[in-house]
Amino acid sequence: MPRILLSGNSAIGEGAIRAGCQCYFGYPITPQNELTEYMATHLSRRKGCSFIQAESELSAINMVYGASVAGVRVMTSSSSPGISLKQEGISYLAACQLPAVIVNMSRGGPGLGSISATQSDYFQSTRGGGHGDYRTIVLAPSSVQELADLTHRAFDLADRYLIPVIILGDSMLGQMMEPVEFHHEVPRRLPVRDQALRGAHGRASRFVKTFTSKPTELEEINWSLFRRYRLIEKKETTCESSLVDDAELVVVAFGIAARIAKGAIRKARSNGLKVGLLRPVTLWPFPSEQVKKTAARTKHFLVFEMNMGQMVEDVKLALDGAGEVGFYGRPGGVIPTPSEVFRVVSREYYQRGLSIER
Amino acid sequence: MLVKMIFAGFGGQGVLSMGLNLAQAAMLEGKHVTYLPAYGAEMRGGTANCTVAISDEEIASPVASAPEFIVAMNQPSQVGFQHHLQSGGLLFVNSSLVEAKIVRGDIELVEVPASRIAEEMGNPRCANMVMLGAFTKKTNLVCFATLITGLESTLQSKKKLLEVNKEALKTGYDFCGAEP
Amino acid sequence: MKQVYRRPHSLKKAPFHYCPGCGHSIAHRVIAEVIDEMNLQDKVIGIPPPGCSVFAYHYFDVDMVESAHGRGAAVATGIKRAFPQAIVFTYQGDGDLAAIGTAETIHAANRGERITAIFINNAVYGMTGGQMAPTTLLSQKTTTTPYGRSAQLEGYPLKISEMLALVKGTVYIERTAVSSPANIMKTKKAVRKAFQTQIDDLGFSLVEILSPCPVNWKMAPLEAWQWIEKEMTKEFPLGVIKDVTGK
Amino acid sequence: MKGYIEIEEELCKGCLLCLAFCPKEAIAVSEKINAGGYTVVSFNGNGACTGCAVCALVCPEVAIEVYRA
Amino acid sequence: MPRILLSGNSAIGEGAIRAGCQCYFGYPITPQNELTEYMATHLSRRKGCSFIQAESELSAINMVYGASVAGVRVMTSSSSPGISLKQEGISYLAACQLPAVIVNMSRGGPGLGSISATQSDYFQSTRGGGHGDYRTIVLAPSSVQELADLTHRAFDLADRYLIPVIILGDSMLGQMMEPVEFHHEVPRRLPVRDQALRGAHGRASRFVKTFTSKPTELEEINWSLFRRYRLIEKKETTCESSLVDDAELVVVAFGIAARIAKGAIRKARSNGLKVGLLRPVTLWPFPSEQVKKTAARTKHFLVFEMNMGQMVEDVKLALDGAGEVGFYGRPGGVIPTPSEVFRVVSREYYQRGLSIER
Amino acid sequence: MKQVYRRPHSLKKAPFHYCPGCGHSIAHRVIAEVIDEMNLQDKVIGIPPPGCSVFAYHYFDVDMVESAHGRGAAVATGIKRAFPQAIVFTYQGDGDLAAIGTAETIHAANRGERITAIFINNAVYGMTGGQMAPTTLLSQKTTTTPYGRSAQLEGYPLKISEMLALVKGTVYIERTAVSSPANIMKTKKAVRKAFQTQIDDLGFSLVEILSPCPVNWKMAPLEAWQWIEKEMTKEFPLGVIKDVTGK
Amino acid sequence: MLVKMIFAGFGGQGVLSMGLNLAQAAMLEGKHVTYLPAYGAEMRGGTANCTVAISDEEIASPVASAPEFIVAMNQPSQVGFQHHLQSGGLLFVNSSLVEAKIVRGDIELVEVPASRIAEEMGNPRCANMVMLGAFTKKTNLVCFATLITGLESTLQSKKKLLEVNKEALKTGYDFCGAEP
Amino acid sequence: MKGYIEIEEELCKGCLLCLAFCPKEAIAVSEKINAGGYTVVSFNGNGACTGCAVCALVCPEVAIEVYRA
């Protein structure tokens, strides 16, 4: 397949269809409307597939729940306020161990906020904005190509671990166009998950539920979820690192912020500052090991986020005192430039008295 | 080399497709490229703009805080964006609609009467392509031929429109060439 | 002697957890009988949201899935769209369907989803202890209307079935009751017809069942049946509300 | 005897609906309290039962099986 | 006023009315129905007051938003799944700087879960289950008396800092009855907040909103919120400590778990184990200083929660490597006994080789 | 010469951000005129949820508060219950009121809340770029119904005003249009009557205004007016839907 | 000293009010006390129980995993709760309904035919108060007088019911007293 | 001259509704493009205007003030 110029939102749509996504249920909200529209155009009339513009995000996430129960690959998407409305539903999906892909092209908050790009939904995504002890896998792409690739991976992960997977993008990633290549063809036969409910035909009837009047039963559900979570942590944690080997200062950033940080680091390097980058690709499971391992080389970390400081907690938890963690953040949808981040990086670099390469 | 540029104008002037066509050509030439449309307050009408970045290596931010080129298709864009331009940058203005008022000494002005040329061609809606042609000639960011190839693939099914656009591109390209 | 009545196949042999005289039990049995008679046991997927009937999956011997409160119609939509061969029904209380689930119900109906809603109207929130439901009658005392429901403050009994009849995607809507042998038989006929509507791919069907909640009404079971017939049916008249299956 | 019924006592919750609707008064309150604490009903088997199954129709607990000649 | 035997749910109701709560909007959910019913009985016919059983939790939280805009003291309550549904609304309240009191008598999750007591909504409460960078004050009472007292404090805090305040209880606290005393009379005149919208009468019209097309404007909102948050952290952080002065092992627990821990510690002390307790009363702001200060004496901490481990992150963040943090948790609604916790405490105590008083 | 038309006081002197020919602008002006004429500027609290009119507080010179999408009726309820002296109106789009806000709207109406809903039916989601609304006509193309709205898949245009008329708490409901000088005048009369209903403490009032969205309909403004008169009014007939103010 | 006890029976037997009355009396005597009703699957009918804890100091957990006393008003409660009882604990059974089957040697049985006594008094619904009277006598956790004071404040407005309850309490109290 | 109107050009968005509904053809498209990029309309002042205010009634932008003798 040749490279085509595609917006992030469309790339997710195309990626999903090629991953065998059979149902999409969504509700309009900027800045992810192009994704919904992509599905309306390309999925709604496809055989065996279904597209619904639901009457609300709540309804959409519960349609997702239904389709997942019936065993098909299903996706929904929204942006920050709409994702808040889905929290109950996500908690149910997690509890019932139902795979689903949930896209959050996040925007400025809190409240109605703004439609510009922020990373302010990190806590909500990684700590479970819904009630109860549960986790969702959270993938944080930083380019349109990666959006396409991670969308495919999201469906695979969801099915493998029976877990909802969140793709955490932002309005800039959704809007911007970049060349993208797809590595999969649309599957001929759409996958149907085992354990799907499709009528008891030829087997005993069964049911999917969480409610119980026995706390010990629910406790066992919780434990079994966490055993799976441990497995995911072990197998699926993903982190990109660049120029870390000789770095004296390591910037930790995800998503679009990581791109900007890369630009800043390029500048820093050309100025002789030994700066590297850790970019968590999975926000949950968080690459704590990698962060910790890096601390064996240098104690100096700078977390850069487009929010008031959220992932920085995970970095600190990973380091557990083994590093000195600085933070730079801009919330509300302000997009810092690589030069701005470079200034922060070099200021930190000098203040910490790190060595400069001539 | 990383080069960034902003195309700006009124909603109906086709500034987004200028950027898009350029970005596509850059992609066809194997460059790294990002295209970022500006998102207003979720509302149509008014002004529009988009940012294109072209580079030989990975592009950090698709945003241009200090672009090398700005194309202003209308007056407000010229006023609003001019001071963002990098020192030594080029400001393209649609001189049929824009009364060029340069308030900085460190930038260069390129005046293209795109709307007038398009009207003279009998296709007033093609002012954007006229401008893009001129822009391409002047900046030399992509080959003119690639631009045409890109256009051909996008407008495959709309032969008539394709021809009109090609012609406009060419006219704009030649317009700039004709200058000393 | 031959057996003329026995427990339907589609009903597991588990004692109900419902209170004595509860209408849910009868509605369950009626539905199970219809499933048996229409030979649907292998095709049905049932959806009981929270409500006294949240444990319905312990009783029905068909595939079932718990839904979040009020979202039955959305979950049913998801299932049916993903797997149109299934016969999908929701089993929802009046709090569930007519309060928190209002939007989901109306819009699934308006889309003409090929699903069947069994709507148990017992004029209270049973499970949570007898609070006001949208269908609570005026002056009726509940734990959240301790002075009786007042139109001025709490509004009026909501006739959601009549509202749904206005929506074009609905094909068959009937209101029945579990309040006498005759009404139970009519309920069964209605449920049967609702499933048939779905099988025939015609659109959304709903059976509203006026159902006793003796415990929260603070009445003996028989008295509760009489209250339905005397009081509830005044506000919620029985009968077919909409039937365009013939069209 | 045209009909008879069998009442599964452990299912019965003593709601008395069967008793109220039996046209033949063939059901009565018994002395027995079952494991659930409910005073159950019993079939009095006086031969009046017609096997009409109204009792089964109204019984919320599906506690009654009906047999007819 | 004499002491009366009251359930936790009723104590909140009475506490709220005495704090001048004028509006209550709620939706039934176990285990907090007695609170809604208390308000139906005692608020619905009170002059100038309003009680509505809303059609959903979503509607209720938005009625709260309305009443708060109009300047009155207002409360809603729910339990875990219902609180998930309120997340968008809470984000709006936080964004618009509107005071409100939100009670979560939490239950077992995720999903429909169970109705027993857990503490699984800690993350949701303290990290903002809704979208965007915001915080809510979170109060964690551990007795019925404290529920009554903290309810009053919640209204005061909400008004003082223009912030939603969450009272995080659980189903056991809600159900159980204990003797309780009220220290305030019902106010004669109900308070009306400045800046309320009540029609422009005699002043310029004004509006309450968050939406903006200017990221910098939203960024300034975010910064100003965080300036206020810093102030709250400084002024309002509350933590109960007991037997910490000579403790070699410090248990950190909140709410009902802290009570149980106290029982365990009593037993431990009588066995010569020097164990103390830190009980955060404000979960946000978290008493990081107190925890850190304690680490000057002993490095040994054990966090006990009725969940899979949530507050333990805040303890670790506070210590930043300065302590060794163990964790014991039981999720799903299982209520550990003091003896069980004692066994865990003493096991940890011995394993860490701490000294025993004879 | 005397001035016979000038900008109403209740409308700030700010240029609208709406597209050329948008019906929101006219609806704003009409409401502002009514507020002026009824002398309500000091008493009114307006609630514009997200939608093209989210910035309505920049235009109306009265107290206003943004609400979350769909929750206008709930926010209005909260305000009115807290401060009954206020005259409270919501200003909601068809996506807002008839999709995500269905439940809030119906239940506020059913409680007979003394509030007024101004309901702008433009058959699309304007703000988010022209997606299908519940009121989108059959076959109408939108960005989410690129092949035209199909009854089979997307259901039917929803007549929520007619549904609301079934609810006892509603007192006055009228459908008007911004599609001709005469209809604009009728709209103004309706808005006036709706506010009067609230002042008289009678219950819930609603004015549905069919309103052009030339940009998303891809029509010139005048053409959009004609489309309302020819096409939209077929599905959504103009006139009083319910009026029991006289009772 | 911390003492915990569970009152259990069928839904209609008034076991919750037994616990509540006892808890209130303990409060009036200045003790620390907690009362915890058991919450079933949000459904009425079936069985019910509550736990009371009385102590001179703060009470850690209101839950009783190994209570000192258990009152079983019906058969299932006796079966279900018996093994929770602490060694040396007392098991009170409503011997009119419960066929006492002690399967442990380390606990003591107190049989009170509460239902029969109540019926004989003409107030079958008062079996709970009869049992509470007996319980109070036997356990001596609160004074009988305080129990009556508490009852009087709770049932202030319902004079008739108050009298009936008082009498039942007394009868139960005396029943246990009459024993050797 | 029975009436006249004043059009605030910077508010006008050139929607042409006034022009379409003026019974006296007293409004015309002008040459002018305002700061918003809209081609505005103008009052032609030919004395036909009656001050009927229909133009103001239909103008979405509240751009028109009307005067009558």
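For reference, chains read A, B, C, D, E, F, G and H in written order, and residue numbers begin at 1 within each chain.
Throughout what follows, a residue touches a chain if its C-beta (ideal position, glycine included) is under 8 Å from a C-beta of that chain, and two chains touch if they have at least 3 such contacts.
Values in this document were obtained by computation on a predicted structure and should not be read as measured data.
Minimum number of contact steps separating chain F from chain G: 2. Relative to chain A, the chain whose mean Cα position lies farthest away is D. Look at where the CA atoms of chain E average out and do the same for chain F: the two points lie 40 Å apart. The centroid of the Cα atoms in chain D and the matching centroid in chain E are 53 Å apart.
Taking the mean of the C-alpha atoms as each chain's centre, chain B and chain G sit 87 Å apart. Counting only residues that touch two or more partner chains, chain B has 41-42, 45-46. Chain contacts: chain E has residues 30, 52, 55-56, 58, 81, 88, 92, 96, 111-112, 115-116, 209-211, 213, 335 touching two or more partner chains. Of all residues in chain C, those that touch two or more other chains are 18-20, 50, 54-55, 66, 68, 99-100, 102-103, 106-107, 111, 127-129, 134, 153-154.
By the touch criterion stated above, chain H contacts chain B in their complex at residues 13, 33, 35-37. Residue ranges on chain F touching chain C, taken from their complex, read 99-103, 106-107, 110-112, 134, 151-156, 158-159, 162-163, 166-169.
Taken together, the chain B residues at the contact with chain A in this complex read 20, 23-24, 27, 33-37, 39, 41-42, 58-63, 65. The touching residues of chain A, counted against chain C in their complex, run 22-23, 25, 50, 52, 54-56, 58-60, 62-72, 74, 88-89, 92, 96, 196-202, 205-211.
Chain H meets chain F in the complex at residues 3-4, 10-11, 13-17, 20-21, 36, 38, 51, 53-54, 56-58, 60-62, 64-69.
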